[in-house]
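There are structures below to look over.
What follows is a pair of complexes built around chain A, which joins chain B in one and chain C in the other.
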Partner chain A sequence: MKRLIPLWIAAIAGFTVIASNFIPWTLSMGDLVTTMFNVLAAVAYVLGAASIAKVHLSKLSAKRPGWGYSVVTLVCFAVTLCVGLLKVGVRPEPLSPDLSFSGSYSEPGGAIWWIYEYMISPITATLFALLAFYVASAAFRAFRAKNLEAMLLLGTAFIILLGRTAAGFFLTNWIPPDTFGGLRLENLSIYIMQVFNTAGNRAIIIGIALGVSATSLRILLGIDRSYLGGAE
Partner chain B sequence: MIGRRTSWSGTWRGAVAIARPTVPAAIVLNLFIPLLAFGVATAHAKAREVAHATAQDSAAGAAERSARSAPMPPPLAPVDVRVADLPLDEGGAVLVMWKVPPEAPAGSIASFVIRRSMTQAEAASQRLERRKASFEAELKRLETQGVAPEQARTQAAAHAQREVPSPVPGAPEPLQWIDASEVPAAAPGAEMTTVVSSLDPAQEYQFMVVSRSADATEAGAAPSAAVRGEPGLFLGKRIYLLGWILFISGSVIGFILVARGGRPMRIRRLAALEAVDEAVGRATEMGRSVLFLPGIQDMDNVQTIAGITVLSRVAKTVAEYDATIEVPTARSLTMQASREAVQASYMQAGRLESFNPDSVSYITDEQFGFVAYVGGRMVREKPAACFYMGCFFAESLILAETGNSIGAIQIAGTAESSQLPFFVAACDYTLIGEEFFAASAYLSGEPDQLGSIKGQDVGKALAIAVIVVASLALAVQAIVPQWGIGSVAAFIRSTLTS
Partner chain C sequence: MLRFLQTLDRRWIFLAMGLAVAVPILLQMRFPEKATPIAEKAFATINDLPDGSRVLLAFDFDPASEPELGPMATSLVRHCALRGYRMYFITLWPFGPQMIADKIREVIRADFPQLVEGEHWVNLGFQAGNEAVMQQAKSDFKRTFPRDDRGIAVGQIPMMAEIRTTRDFACLIAVSAGYPGGKEWVQYVVTPERGSAVPLRAVVGCTGVQTPQLFPYYPGQLDGLIGAIKGAAEYETLVNEFVEERSPGTTIPEKYQEAVRRMGPQLVAHVLMVSLIVLGNVIYFAGRRRGTVA
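Here is the complex of A and B:
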């Protein structure tokens, strides 16, 4: 029964959403299912918060290595939660000046806005910027000419890299544009991206679409139950 | 006048003086005079032609002007106006049909304007807008007169209320009309139709078709009966999509039944999944943990579900090998589902006592916050095997490169085609797109699930056939356009994009 009820819920919700794409009067039911999922996900945040608290409090109480970071995490968690719930620094709505809680929690000037703008956003941007170095190291490893395929990959990457920069234009601008213009690096780069890359990408996307269809069907029909921990 | 003219050759008096110039001047003058005479004659001829043409033009223009200024007959109202709910739609659209009056003189109707009645909500909204505008204008006027702000606002509000009064409760509101669309007129006697959409399916509307002439004179037919744009029983425009889905689903179900009948299903070897045992075994030998990431999306993403199905198999192997597994998640629901799956796997392996619920934990929804935690943990604890199975975005390369730097054996699987190159570059094995979705069936080895993969292959064969036919049709159309075979490709495109 523990597995059967979730399976039925998954099947009913799934087929309702599919039907809402074809049968107009079921559209509201599809929206209802989506709303129910959102409510469920919101409630599940309590579980997430409990998980964070449990993991870090146990680390703190056992004084395991790095417990200081757990203190920072818990303090930040509590502070963000409090300033968000209490709408610290948020002004009331202009239309309801008497209602002190009427403003949006994320209103510019509020504490949550300040935390996001001056702490989360810069840290996120810094982490994202690291990607450039990771791309360089991955490219260095991937483009080593070990065999014929790797050499082809290297050559193609070289053309694309040059063709998408000013260097590509300056290196091949001596090629007459009317007769052999297609051999210019910037044009070769466009050709490779539009023909070879698009063709390969679309093949993968078609495979993915079919895979999604088959997987969805397996789940909706209850054939694949492994996401629930397998058969009862 | 000639006699008083001054020339370069000197001054002479009268026409006679021309006969007595110096020799060079005489030569020039003898050449100049015939040229001058010719020029004058030509100019006169040209002037006569221009005058004649102008006269002709002005005569024609006058005729045209008089024709224009003649009173055009007023446009006749459209006839046989009918309004019906558009069938097989999602609601909120009606079909308006009418006939161009057969006796209408040609050109008397430039276009037809389709008007619809306003709903009560629209009328109220319009009234509110008008009242707001009236309030603003009056407030501005009072403020310039030096009335105190509070008093000005009160007076302006009263003024706006007087200008745009609210309807009397219970009394029927007069019908207000709004232009819904305008279509160019067809030939007299022609049947015309248009679809008016963006209507509220719960509201009733009346429609009026109005003939409009070039000078904006209008003649309208009587308003239609009230019609509601109700949703149809089925969306007709998606019939082809339904056909595709039914075909693919049918082939999947068909092969599942065939597999149940005992026919063996052979699936090609997937190296990435063959390496699962090796990766977990390596982690066990090294005494390190196995890290499994089911993506950073929630349970409404099929990739997350596919990732958790793989997790259940990996967790079972981990339990059997008595290794440890860490599953950090970026969504609370994903954490709960992953925890259930891992617990069930430990139970199946007969090692429920080894299961640690805290091994599956929620970190944060924030994408790079999650990456920072996982990256730091990887560097500190150095897991021997890393699995990335699910939906990933920019963090894919950061995670995979970090895993590579600590020497972990890495197996990835995702359907995000933009992230696949990063995983291919940085991981030891990668499940590309459909392989990722086939992983669960492959690992289970159950005939039902393997049959579904075979059914999926039928869909792939159909896709290949469609691509080949459409490509050939387009190629033939380019070479021999008169055959008109491009319509085949156009039909395929329309069915795929419906």
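Here is the complex of A and C:
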């Protein structure tokens, strides 16, 4: 029963959504299932928060290595949750000046806005920017023209790297645009993206779509039960 | 010398990359941008919509991708505001509301104060559920986004009166950094509408990593594709030219030249990358000739 009910829920929900795409009178049923999914997705955020708290609290109580980071995570989590729920520092909406909770938490001056502006935004942008340094180091050490495939990859990389900046224009603007304009780096980079890349990506997309269809069908028919957990 | 280069400490490469990015920023190096046909198509798609068109703007990105996507989001909002379209902002990313709020403050509130919230633009905020939200918006938009960012029911918002489904929008503009984003909007919302009498137009702005994945949908399902900061710089140039054409002699504020400004560090960083790859190969082949590497 523990497995049978989830299997039936998955099968009914899945086939209903599929049917709603093809049979007009089942559209409302498909909408109902989608609404239920949206509610579950919202609840998943609460579950996710509870899961984070549980993992870090257990790490903290057991004093496992790195427990100090758990303290930082839990403090940040609690502070963000509290100032967000209580709308700390948020000014009331001009339309309802008497209602202190009517303002948007994302407006300047609010505590959540402050956390976003001065903590989340610089931290995440910095972490992302670090990629440039590691990519440069990796390119210097690992990008070798050892065989024909690697040489083709290198040539393509050069064209895209230069063609996607003004360097492409400066290096090849001597090529007459009317007769051999296609050989200019900026045009070559577009050609590579639109022809070679598109051809390869379309094949991958179609392959993935077929794989997703087959896997979905297996799940809906109860053949693949791995999402329920366990060995089955 | 060869030995030194073969065992070069990677911190030197980090320093070179740091300088390649910092020097153009400090010297404010700018290079002219010429719009490619793809950027021109994206611009024309939005520019040619009838006056007062309803435009759905999905900002599915976060602070990590803001440096790459922020300037194009600014240009897109500015272009829509200049053309007098009605803008409906939504996001499927938890950090999206901040991105929307930033652009509303930076563009609409600062430079288009005549536009009234609820009549010319509305911020419908974040909705959890990824593709399910798209699927539901396709059949019942108001149920999917029942309140705006201020908590006001959509029934009380004048510009929501004519909205029933995504079919009621003239164009979808998605600025996305990953999943769910441009690709999912194309697959779930745009493609099913392509065969209708008035197809939903779609323009996607995305990160450099996502651009190759979206090219297969252009121009069949996508009317415009703005790829990375390069695409943003081209689009920004077109919008600035449009403004200068309408009001000659207008001074373009710095915030509307941000994408072109960010192309300076990108140019030098790309040239450094190419130089490092070439240098790495020279060292490799020289080492092989001398028998010091396999």
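Definition applied: the second predicted complex is superposed on the first by the 192 of 232 C-alpha atoms of A that agree within 3 Å, B and C clash if a C-alpha of one lies under 4 Å from a C-alpha of the other, contacts with A are read in each partner's own complex, and residues count from 1 in each chain.
To be clear about the criterion, a residue touches a chain if its C-beta (ideal position, glycine included) is under 8 Å from a C-beta of that chain, and two chains touch if they have at least 3 such contacts.
Just so it is clear, the model here is predicted, and its values are computed rather than measured.
In the superposition on chain A, A:Leu131 contacts chain B only, with no contact to chain C. Of the two partner chains placed around the shared chain by superposition, chain B is the only one that A:Phe22 touches, whereas chain C remains out of contact. In the superposition on chain A, A:Leu210 contacts chain B only, with no contact to chain C. Within the superposed three-chain model, A:Arg218 lies in touch with chain B and out of touch with chain C [touch as defined at top].
Once the two complexes are laid over each other on the shared chain, residue contacts for A:Asp31 go to chain C alone; chain B is not touched.
When the shared chain is aligned, chain B and chain C each come close enough to touch A:Ala139. In the superposition on chain A, contact of A:Asn201 is made with both chain B and chain C. When both complexes are overlaid on chain A, the residue A:Val55 reaches chain B alone and has no touch with chain C.
In the superposition on chain A, contact of A:Ser106 is made with chain C only, not with chain B. On chain A, the patch touched by chain B and the patch touched by chain C overlap at residues 27, 37, 41, 44-45, 120, 124, 127-128, 135, 137, 139, 141-142, 201, 205. The residues of chain A lying in touch with chain B in their complex are 18, 21-25, 27, 37, 40-41, 44-48, 51-52, 54-55, 58, 66, 120, 123-124, 127-128, 130-131, 134-135, 137-139, 141-142, 201, 204-208, 210-219, 221, 223-224, 226-230. The touching residues of chain A, counted against chain C in their complex, run 17, 27, 30-31, 34-35, 37-38, 41-42, 44-45, 93, 95, 102-104, 106-108, 113, 116, 120-122, 124-125, 127-129, 132-133, 135-137, 139-145, 154, 157-158, 161-162, 164-167, 169, 186, 190, 193-194, 197-198, 201-202, 205. Chain B makes touch with chain A in their complex at residues 89-91, 231-235, 238, 241-242, 245, 248-249, 252-253, 256, 298-300, 302, 305-306, 308-309, 312-313, 331-333, 335-337, 340-341, 343-345, 347-348, 358, 361-363, 366-369, 371-372, 380, 394, 397-398, 400-401, 404, 415, 417, 420, 422, 424-426, 432-438, 440-441, 444, 446, 448-449, 452-453, 455-456, 459-460, 463. Partner chain A is touched in their complex by these residues of chain C: 8, 10, 13-14, 16-18, 21, 31-34, 36-38, 62-67, 94-95, 97-98, 100-101, 105, 127-130, 132-133, 135-136, 139-140, 143-144, 149-151, 208, 211-213, 215-216, 218, 227-228, 230, 263, 266-267, 269-274, 276-277, 279-281, 284.
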